[in-house]
Amino acid sequence: MPVVQVSLLSGRSKEQKSAMADEITETVHKHSGAPKDVITVIFQDVGTDSWAAGGTLFEDR
Amino acid sequence: MPVVQVSLLSGRSKEQKSAMADEITETVHKHSGAPKDVITVIFQDVGTDSWAAGGTLFEDR
Amino acid sequence: MPVVQVSLLSGRSKEQKSAMADEITETVHKHSGAPKDVITVIFQDVGTDSWAAGGTLFEDR
Amino acid sequence: MPVVQVSLLSGRSKEQKSAMADEITETVHKHSGAPKDVITVIFQDVGTDSWAAGGTLFEDR
Amino acid sequence: MPVVQVSLLSGRSKEQKSAMADEITETVHKHSGAPKDVITVIFQDVGTDSWAAGGTLFEDR
Amino acid sequence: MPVVQVSLLSGRSKEQKSAMADEITETVHKHSGAPKDVITVIFQDVGTDSWAAGGTLFEDR
């Protein structure tokens, strides 16, 4: 029952998430042997005021 | 200081979360021995466009 | 497809985890309406050198 | 590539998150040796109806 | 700076993880637009005594 | 009840984690207003065969 959590900047469309979920599920299935229907993919949308790299929020770049 | 994170499809009511938090805290307390007041439960609401099983978003089923 | 992640201090037995998984699944099923077989519970064991409350590691208390 | 996820009650301002991201990045850099620009900090805002301590949601206290 | 956390049953080889990391990074890059070198993939190995589906630990199936 | 999860490459010493836990708790307390004793810091050690950046495991660099 693999679980994949993908944290991305907010603003990805449903189509983008759909394509990622499909392909990630395929690769996890192919390499781990888990059946596709027990693989879960969850997207966590993160705002630019809630994500920092190098100590600086994206909103302040 | 056990921490329990519950990822659920969006749309559960406050009453549903309240009941789950109460019962999950009770069972973790009973079986782990941790005092109830140091047990944290966090709910993560996940939209139907952000959750996939078998490679397909819930919104597309 | 609810996913529940339980972070606990290392050292809980298989029996303790089994009882918690059973009861947590039951309560999430009862209050969220999700079928039991799509509910996943994952335990994350955390050592006393990797868990701090109030700024102090458990190992140093 | 250290990743730090900070779960906080909703309502912290951008300035508060900015200050925390800056200082957390600094301390992780100083003590782990990782370069600052590969350190990621993500904030997860949690509503008062989605966070429980001692089995009771914050909203019900 | 997308972050992908993959929770899998323990026992996947380095080669399996390497292939998954490569392909997941490729698909996240392709569909989110993030440069490949800022995409992080973390694997969390979960033992059969720490993973339950339908309320039953994998070890007890 | 802020919860901070820090994912780091395995191999940090107890002293390093202790210093990070102390300083992270201080900064979260200072900027969020939460009392120090309700702030939890959890370290997740990640092996070089379980962490990838740019699609390549650390072990293969």
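By written order: A, B, C, D, E and F. Residues from 1 in each chain.
Everything below uses one rule, namely that contacts are C-beta pairs under 8 Å (C-beta built on N, C-alpha and C of every residue); 3 or more make two chains touch, one makes a residue touch a chain.
Predicted, not measured: the structure shown is a model, and the values here were computed from it.
Among the remaining chains, which ones contact both chain B and chain C?
Joint contacts, listed by label: A, F.
Pick from A-E, A-D or A-C: which interface has over half of its contact pairs in common with B-C?
Over half of the B-C contact pairs recur in A-E.
Centre to centre, by mean C-alpha position, how many angstrom separate chain C and chain E?
That pair's centroid distance is 19 Å.
Averaging only over C-alpha atoms, locate the centres of chain D and chain F and give their separation in whole Å.
Whole-Å distance between the two chain centres: 11.
Multi-chain contacts only, two chains or more: what residues does chain A have there?
Where chain A meets two or more other chains at a single residue, that happens at 1, 3, 7, 38, 40, 42, 44, 51, 53.
If you go through all the chains, which pairs of them touch?
Inter-chain contacts occur between A-B, A-C, A-D, A-E, B-C, B-D, B-F, C-E, C-F, D-E, D-F, E-F.
For the complex, give me every residue of chain E touching chain C.
Going by the criterion above, the answer is residues 7, 44, 46, 49-57, 59-60.
What residues of chain F sit close enough to touch chain B in their complex?
Residues in contact with chain B: 1, 3, 40, 42.
For chain B, which residues are in contact with chain D within the complex?
Going through chain B, the ones touching chain D are 14, 17-18, 21-22, 25-26, 36-37, 39-45.
Within the complex, which stretch of chain A touches chain E?
It comes out as residues 1-9, 12, 16, 19-20, 23-24, 27-28, 31-32, 34, 38, 51, 53.
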